[in-house]
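Here chain A shows up in two complexes: once beside chain B, once beside chain C.
This part shows the complex of A and B:
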C-alpha cells in the first residue's frame, strides 16, 4: 500500500507535466525537448523568490507560475512559432538548443547545488496503512484540483470548445472563426504553467537539480505515447501508471528472492516508450481525427 | 605543440563517427537520435571482452558484431516507425543501454568506468595518435565522399526527399537504409576504439545524451549531408570547445558558458537552415 502512495505522489508530478505536454502535442504536433528545463525554471524561480528574497510561499508560487508562463510564451515565439510552419520536426531541434540555453541559465543563475523549497506543514498522516506527510497530501490534492479545473475549462466552457476544435482540426476551426494562432500560444503557455507547477511540486517534495531535467522530459513523453498522442487524459492516466510501476519495480521483493536495483527505476518509462511504439503506436486511448 | 597534436587527434578521431551520423541524419534525413547508443554498444562490446582477457583482435571482432547488430536494430526501427516516433524510440534505446551499462556493475564497473585501457603498440604518444587518426580520417572521408557522390548517395537523397517517388523509380529503401546505418555503426566503432585508448578509460559520461547534442550541432551548423561543411564545422566547434578552457573565466563558469554558447550556435544554425534542414518535397 505504501508503494501505491509513493506512486500517487510521483504520478501527480508526472501527470502535471505530461498533461500540458499532451495538449501541446495534440494542438501543434510538436515535441518540446526543453520541457524538463521549463519544469526546473518554475521550481528554481519559486525557491529564489521564497528563500533568498524572503517572499511568502504563496506569493513565491504565484510568481513561479508567472515565470513559467512568461518563459513558455517567449519559448513559443522564439523557438517554436518561427519554425513549425516550415517543418513540424524543426522544433525538435530548436527545443534541444533551448534546453541547452536553459540548462546554462539555471547553472549560471542558481548554481549546481540541489535546492528545495521549505514548507511549514510537517506531520505524517496515516490512511489505510499508507503514510504520507501533510505537504505531500496537499500536493496530490492541488494536482487533482488543477487537473479537474482544467477538465472543466476544456469540456464545459466555450473557450474549451474552441480549444477542442483546434485540437481536432485547426484549419476547419479557423474557417469557423476560431482564432487558432492565438489558441496555439495559449496552449503553449498553459503547458508552461503546468510544467512550472510540476517544478514547484518537485521543489517542495524532493530537491531541484539540473540532472533531472531530461529524465522528466522522457517520462512525460512515455506518458503521452502510451496514453495516445494528444490525448490529455490518457497521458495523465499513464503518468500515474508509470509512476506506480516504477515504485513497484524497485519496492517489491520479487519472487521472495531479489530486489531490482533502484538504478533501473527510470527504465520503466523507457520501456513504455519502446513497447508502445513497437506494438501499439497509437497508444492506449488514441482519438481519431474527425474528417468531413 | 602538444596541444596542437591533441586537437588534431581529437578532430580526426571524431570524424568517422560524426560523418557516419551525417550520412544518416544529414543526408538521409532519418531521425536517428541514438548514435551514442550505437557508440555505447561499440565501446563496451570491444572493451569489456578486452578487460576480461580477450586479445585486441578478438575483442574488436566481438565489438564489430555487436555494433552491426545494434545498427541493424536501429535500421529496422527506422523502417518501421514514423520519423518522430523513431527519434523518440532511438533516445529511449540509447538511455536504456546506458542504464544497463551503469547498473550492471559486475561487468562494466558502472559509473567508475573501465580504467587502464591498453593502447596499440604504435599508439603511445599524442603525436602518434594524431598521425594515425589523420590517416584513418582521410581514408574515411574519401570513402564517404565517393559514397555521397555515387549512386548510393543519390538514392539516399531521393529517399530523403520523397519516399514514394524514389520507390517508384526502383530505389530499394530497405537496402539503402540498412547500408547507411551499418556505415554509421562502423564509424562509431572506429572512433570509440581509438578514443578510449587515447584517454585510457571507458566511462559512461562519454556516452550520455549531451554528446549526441554536440553531434547534431556539428551536422546542422556544417550543412546537413555535406562532407566538407560538416568537416569545417567539426574543426571549428572542436577548437571552440577545447579552446574555451584558456579563456580568463573562473573554471566553474566554463561549462555553463560552453553550454550557453553551443545552444545559441545550434539555434542560429537551425534558423539559417530552416528551409533546407528538412526541405519540403519538390512537386511538379
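This part shows the complex of A and C:
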C-alpha cells in the first residue's frame, strides 16, 4: 500500500508536467524538449523568492508560476513560433538548443547545489496503512484540484471548446472565427505554468537539481506516447501508471529472492515507450474512427 | 460594387506556380460554380480567399475592403464561411459541440442576436435530420452525415458569403438533394455562395453563373447552359468536343 502512496505522490508530479505537454503536442503537434528545464526554472525561481529573498511561500509560488508563464511565452515566441509552421519537427532542434541555454542559465543563477523549498507541515499522516506527510497530501490534493479545474475549463466552457476545436481541426476552427494562433500561445503558456507547478511540487517534496531535467522530460514523453499522442487525460493517467510501476519495480521483493536496484527505476519510462510503440503505437486512449 | 473582387492573383509555392493572374468577381446574392479539372487551382484559390495561403501578388477585396493579408479567423468574423473538401468537422466532439463552437466564435453582438444558443444548435441539427445524433461524437457519423453537419454548421454561423468545396463529394443522391435545398435556401435569404464541384448537373441546377479554371487561370465564365455547351469545357473535361 505504501508503494501505491509513493506512486501517487510521484505520479502527481509527472501528471502535472505530462498534462501540459500533451496539450502542447495535441494543439501544435510539436515536441518541447526543454520541458524539464522549464520545470526546474519554476522550482528554482520559487525557492529563490522564498529562501534568499524571504518572501512568504504563497507569494513565492505565485511568482514561480508567473516565471514559468513568462519563460514559456518567451520560448514560444523565440524558439517555436518562427519554426513550427515550416515543419513541426524543427522545434525538436530549437528546443534542444533552448534546453542547453536554460541549463547554463540555471547553473549561472542558482549554482549546481540541490535546493529544497522549505515548508511547515512535515507531520506524518496515516491513511489505510499508507504513510504520507501533510505536505505531500496537500501537494496531491492541489494537483488533483488543478487537473479537475483544467478538466472543467477544457470540457465545459466556450474557451475549452475552442481549444479542443483547434486541437482536432485547426483549419476548420479558424474558418469559423476561432483565433488559432492566439490559442497556440495560450496553450504553450499554460503548459509552462503546469511545468512550473511541477517544479514547485518537486522542490517542496524532494530536491531540485540540474541533473533531473532530462529524466523528467523522458517521463512526460513516455506518458503522452502511451496515453495517445495529444490525449491529455490519457497522458495524465499514464503518468500515474508509470510512477506506480516505478515504485513497484524497486519496492517489491521479486519472487521472494531479489530487489531491483533503484538505479533501474528511471528505465521504466523508457520501457513504457518501447512497449507501447510495439503494442499500441496509437496509444492507450486513441479513439477509433469510422472510415466510411 | 461586387461583394468579392479578386484581381491578378498569383501564387507560387517553392518555385511551383499554382495561380496565374486570376481575376474574378462575385456579386451579392449570386451562386457561382467554380469548376475545372483536378489540379486547376480551384481549392488553392479557395485557400487564398479563406486566408490560409498568402498570394505572391494580386489582391482580394471583400465588401470594398482589402483583405489580402487578413487572417482566416478575422475573415470568418467578416462573414466568410468555408466548407472543406476533407470534412472540416471536429470528430472527437459531439454534434452539439460542433455547432456550438461555431456559434461561440461569433462576435459578441451577433451571438446575442441569436438568442438561446442551445435552441439554435438543436434547430441546426434538426434542419439536416441529425438531431437524434446530437450527443454522439461527430467521428461516428457517415461521410454524408459529416458533410451535412459541416454545411449546416457553416450556414447557421451567421456568415453571409460561403465557399463550399465539393459539398456533394461522397454524399448519396438523396443527401445531394438536401445539400441543393440548403444552398437554394441561402439564395432566398440573399446570401452569396461559391461552389467547387465536379458534378456538372448539380452546378447547372443551382448556380447563376459558372467560372471555369484550368492550370491556375480563369478560362471561361458564363451562365451554366452556355458554359455547358462550350467547346473549351468539353475539351477540358472529356478531352474532345462532344458530338
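Operating definition for what follows: the second predicted complex is superposed on the first by the 286 of 292 C-alpha atoms of A that agree within 3 Å, B and C clash if a C-alpha of one lies under 4 Å from a C-alpha of the other, contacts with A are read in each partner's own complex, and residues count from 1 in each chain.
We adopt the following convention: contacts are C-beta pairs under 8 Å (C-beta built on N, C-alpha and C of every residue); 3 or more make two chains touch, one makes a residue touch a chain.
Just so it is clear, the structure is predicted and the values come from calculations on it, not from any experiment.
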Using the superposition on chain A described above, determine whether A:97 touches chain B (first), chain C (second), both, or neither. first
Go through the superposed model and pick first if A:127 touches only chain B, second if only chain C, both, or neither. neither
Between chain B (first) and chain C (second), which does A:1 come into contact with in this model arrangement: first, second, both, or neither? neither
For A:179, using the defined touch cut-off, is the partner it touches chain B, chain C, both, or neither? Pick first, second, both or neither. second
Of chain B and chain C, which one contacts the greater number of residues in chain A? B
Output check: A:74 vs chain B and chain C. Expected answer is one of first, second, both, neither. What do you get? neither
First (chain B), second (chain C), both or neither: which does A:171 touch? second
Where does A:148 make contact in the superposed view: on chain B (first), on chain C (second), on both, or on neither? neither
Could you tell me if A:87 is touching chain B, chain C, both of them or neither one (first, second, both, neither)? first
Taking the complex as given, what residues does chain B use to touch chain A? 31, 80-85, 87-89, 91-93, 95-96, 99, 102-103, 209, 213, 216, 220, 253, 255-257, 259-260, 262-264, 266-267, 270-271, 274-275, 277-278, 280
Contact set on chain A toward chain B in their complex: 31, 79, 82-83, 86-87, 89-90, 92-94, 96-101, 103-105, 107-108, 214, 218, 221-222, 225, 261, 263-264, 266-267, 270-271, 273-274, 277-278, 281
Mind listing the chain A positions that touch chain C in their complex? 158, 161-162, 164-165, 168-169, 171-181, 287, 289-290, 292
Quick one: in the complex, what on chain C touches chain A? 50-52, 71-73, 76-77, 81-82, 84, 88-93, 97, 100-102, 104-106, 137, 139-143, 150, 153-154, 157
